[in-house]
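Okay, got some structures for you below.
Both complexes below contain chain A, partnered by chain B and then by chain C.
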Partner chain A sequence: MSKQINVALIGNPNTGKTSVFNALTGLKQKVSNYPGTTVDKKEGVCKLPRGLKAHIIDLPGTYSLNASSLDENVVVELLLNKTDKNYPDVAVIVTDVENLKRNLLLFTQIKDLRIPTVLVINMADLMKRRGISLNIPLLEEKLNTRIALISTRQNLGIDSLKEIINNYKSISTDPCLDTSRIDPEYFDNLKQAFPNQDLYKLWLVISQDANFGRMSRKTLDIEKFKTKSISELKRLQQKETIKRYQFINSVLKVGQTIDTTKATGLRARLDRILTHKVWGYVIFFVILLTIFQAIYDWATVPMDFIDGAFASLSHWLKTVLPAGIATNLLAEGIVPGLGGILIFIPQIAFLFLFISVLEESGYMSRVVFLMDRVMRRFGLSGKSVVPLISGTACAIPAVMATRNIENWKERLITILVVPFTTCSARLPVYLIIIALVIPEGRFLGLSYQALSLMFLYILGFGSAVFSAFLLDKVLKIQRKSYFVIEMPNYKIPLFRNVLITVVEKTKAFVFGAGKIILAISIILFVLASTGIGRQFNNADYIVRMEVAGENLSEEEIETRIASHKLEHSLIGVAGKAIEPVIQPLGYDWKIGIAIICSFAAREVFVGTLATIYSVGQDDEDTIKNRMKKEINPVSGVPLFNFASGISLLLFYAFAMQCMSTLAIVKKETNSWLWPMAQLVFMTALAYLVALIVYQFLK
Partner chain B sequence: MINEIIQTILVISAMLVATVFLIYKFVVSPKRKKATKECGHDDCGC
Partner chain C sequence: MTVADLKKGESGIITDSSSDEIPLKLLEMGCLPGNEVELIQTAPFNDPLYLNINGSHVAIRHRIAALIQIEKADE
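Coming up: the complex of A and B.
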């Protein structure tokens, strides 16, 4: 038998479970999802004294075992299932010294499950300032357990906690409350029907099903005890809560003293400003602007570095490896594909650095409180603000940032609408097309071109909010009608927690979505570099014959060949095949190729056109001139005219042209349904709008 | 000549791995998930 015990960290949100977890496990931790859900599951290993090893799980925050959300349900399901491989040998209930009374409710419930239950009272560093003193030996006696008074911030008491976990066998498993006292008649009947079952567990199963509307459970035949209506069962749950608080009050009356004169007014004063009707919003938007400015400014340095490093790596590989198609795949497909994944890391890391600092400091709850009323009208939550605004940098970190929206419906809606916001990859596409088709004049001192760009940003944000509104009406997912937000105290963020969040989010992206992105890049590359028929295979010869009379440099000939090959590659054939479909939008097959390729990432649009028009990629001016000269073979007018240009701009504004976003949505929603719905709906919308606009303007 | 053959084999295998991986992600894993039990009513990820 292996000497490893299961330890579950359980507690109300914000009591410091994750901090305790980090203190116990350090970086030896792993994050995954609970099966079939997107609730974070954190596991780690901790060495205890005398060679015992503890496998520790950081469970989602929960207020009680009468679960009402999926997060809470995860906890209950684990504690009710003795056969689960993670079923705890010992439960560690993390509480915070300032909210001991409320926190103890959960403690008494878990202790009644007869699991050895250790009580951790965290944030001991705040006791003095808040005038709280505790009689630990007395509390241990009254609660009939072992207590560790700790502070993860000051690293105090962690060793004694390990010692207590180590001796978990000596902890009494007697319950705090006699379950049948809740309602003697009902529970006596229950006991007679299931003499071999633990009464409290039975009751939890029944009340759980009442909460979740799930009316069958194979393991127990409890059907006949559903004779009570759901509202009666809920009333019993309330009665249970009241009984428990009576017990807790009697314990704390003797075990805890609070000198109220010492409670400082700093928090109240800060709250008054930060949640002020006017100043609250002003401060929040100033902070947001600073953050996004910083993300743009700081992230560009490492992003340029990654970009440069991968370009040199490609170049180097081409010089050292034998020439051939696999070398090309590596140098032009895989390496740039990897670069295209890693280039998102700086933005993801910076965004989560800021988010976790705001969250850790307690400010985020104030923001959520402020924004909630506004966002709720559109089916979003106060917590949707950050993802929506992060979307202007990139939809990927934005989708990842929705994880802290507890309500599934609000989270799903946020994920679905975020890709409408104008991300930075749309910018190169917008810039070149605006420069081509929007005249240079000014209106009230503002250039038409700048106004067009601003309009596109507003359009993006507007479509996001409007679709949220529609989705809220359409999606048949019930959502909780009440809104509880806890205002934690202001705290200086713990550096270790911030660091771990950043590392975790970055890893989740690279290893989760990264694999899908890489696979699609390989396929796109192969499709673009293989072709059937003479035109593709003899491209070199054909082009050289064609240009024989012209006086071109070797380099110019090479780009002509590349262009010729792309035209006759499988992707080129596909581009031509979709020409009839995109012709009504005013595009030709070359734009078709660029649209297909830019599915890898929107900014690829410009690069692909550069290859097709066989000009050096960096030479923006030349691309622009080439694009200007293109003539639409059907109508005989310039291909990039006002009508087709606007149509193309709107197509990119609405279309889901980003496989990385689809990959992360798949990961975050745990299903292909939602990313596919996004792809189909957004593409259809983009097509329709582009079609109408082109037909109207042409 | 040998070089060309090896390169072609490498590319074909890379393509295969990528395709199989995507098919697995698209088709197989969502199906397998359906088999696991349904979950609650409101805040749920399925």
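Coming up: the complex of A and C.
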């Protein structure tokens, strides 16, 4: 194996750090979690000139080394721990040419840790338009480092960055600032107490108390040395920040010139409309409407295609493979089960596409700004809007996205209510039921079906907000409201970044859900095709006796036999057992089985029904058609009618059916109390609402 | 006067931002004495406030803005 060096990418949020990461590593990326956390750890490999390989780690965005969130804390912990296997040989600080001054604050802090630090100035393509000019050699001299001026948008400067990383050993590790100058007496004491330690590192560990306060102190026995109150520490941090800015200002004064007459007013003009007191909200609403229309309308073509393709695949498998249990398992269990999930790829991809475009363009911050006051009334923060919107893709990243909410109470409430938002796993259920029970037709150019879907999204959002309001009243947690959000400049999203997000997220969804669904469809198939007792084993004989006088065709008799067998199979027995509980909601035992199976994950519902209905039936039919043909044995009307359909839709709107979400909530809140409360409350609510609605509509 | 007293489009020079309640993050973004702050936009009910502090564009809540002391900039 050739020699490999560790490179850490560090930078403020919104500097295009991820674009740099993508440009360096391409698609050779791996996403995992930092041990004991749910913080995303992105790694990749980049080949440097002359055979050296760089292991690149994309650290979470941070404004400084004074961590105020879990994500930021990961950065500090890594940089303070020399024994970590990811401890960087070289740090690459990504900055944005328009916010160079603020970005350099982090640069000076990292450099003071005496790690070889490369400065990347990104978005160089904007310099001319913004009237910014830089004297790179002078900046390199003053900052005592190497600078790569790059543009990920135009793919410029990446090679020279690789060259600089390659020669990291020649970069000076002298600090920018003598930290002890902020309080010479205190730092003298420190030095005497810990003669072998680096002063700035000591100071960082001590001062984390004033911020996040989760610094592990394994390496430093610092408890006994604490002579400052939080308030005094803050004062010193403020002093340090001022000193750093003095240094940065002195550097930029000679190294950077900005021709203010060239500053374009595009940002101001866009903000005037997009954050307007009336138009801002109107535009936001129109954007949401467009997204839902797109998910519903545009995705139907590829979806119908996938649906049909899987039906024909099942049929084809049956004709070419030798008859037998293995073929049946494949054609009646696995293929329909997988088809039931793959069909939703177009919609999920669309959803992630829109969300990542909104994030990348900088628009999402404007939404946070617009919504903060409104959300606060419900015990949430404007920053809760981002989790609530990403919740429409998946509750798991949404729960993780609450991390930048500074206030614990607001964050906890957001975590608790996020699972109400309509996640992509609910989509499969919604779509198929809407298609079955909501009539076609249009109102003001929008289809009834799209409007129903929109209503379900609003319902999800509404119940999230309403529960938040209740929780705000119930939870007795002291809140200290503080809220800072950067409003980044508007950018046209980079196609490559959006594409990588869409591909990665869709892949994670398909494989994550796919594994569960595959397992469940095999179990289901086995349960559905085995049975004990006379009714199952002699189904053929019993049914033929029953229908003897009815003059049915051979085909109809076969179908009767198949459904008789299913009813008395193991799964049929289980479903029948719970039927009394769900009958008042308008469901039969088959739906009951699907609901039970979908406690693991909601989208399993459709896959399960697909598997159940395809056992022993004509395979060329699509899932939808098979569901349409089902008759309620009690009332004789179609099983999926308006009343039972609405009841099912509402059940899925409220029920907490996702084990992964429960697991992530446990992790993020560090307690079983909250996920259990979610499970009990949401399921009870779902049952109650479905019951009332069905009894009312029936 | 404080940042909360600014009207849309007005700006001032920060004179004091040392209140303990002002988060360090805001200071790190440039909310420090001597720097200029401009009110770009307000949300309904004057909260939150969208500011340009020394080139950093940030939004903060009214309560925190009222803790940042400023001096009105000369026209």
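Of note:
As a convention for this text, the second predicted complex is superposed on the first by the 474 of 698 C-alpha atoms of A that agree within 3 Å, B and C clash if a C-alpha of one lies under 4 Å from a C-alpha of the other, contacts with A are read in each partner's own complex, and residues count from 1 in each chain.
In the analysis below, a contact is a pair of C-beta atoms (placed from the backbone, for glycine too) under 8 Å apart; a residue touches a chain by one contact, two chains touch by 3 or more.
Keep in mind the model is a prediction, meaning the values are calculated, not measured.
Of the two partner chains placed around the shared chain by superposition, chain B and chain C are both touched by A:406. When both complexes are overlaid on chain A, the residue A:95 reaches neither chain B nor chain C. With both structures placed on the common chain, the touch criterion links A:526 to chain B but leaves chain C unconnected. Look at A:235: by the touch rule set out above, it reaches chain C but stays clear of chain B.
In the superposition on chain A, A:369 makes contact with chain C only, not with chain B. Of the residues of chain A, those at positions 406, 480 touch chain B in one of the two structures and chain C in the other.
Only residues 35-39, 69-71, 73, 212-214, 322, 324-327, 329, 334, 406-409, 477-480, 515-516, 518-520, 522-523, 526, 666, 669-673 of chain A touch chain B when the two sit together in their complex.
Considering their complex, residues 3-4, 6-8, 10-11, 14-15, 17-19, 21-22, 25-26, 30, 33, 36-37, 39-46 of chain B touch chain A.
Within the complex, the chain A residues that touch chain C are 63-64, 66, 68, 98-99, 101-102, 105, 210-211, 231, 234-235, 237-238, 241-242, 245, 268, 271-272, 275, 277, 365, 368-370, 372-373, 382, 406, 480-489. Here chain C touches chain A in the complex through residues 17-18, 20-21, 23-30, 32-33, 40-41, 43-45, 47-48, 50, 54-61, 63-64, going by the rule given at the top.
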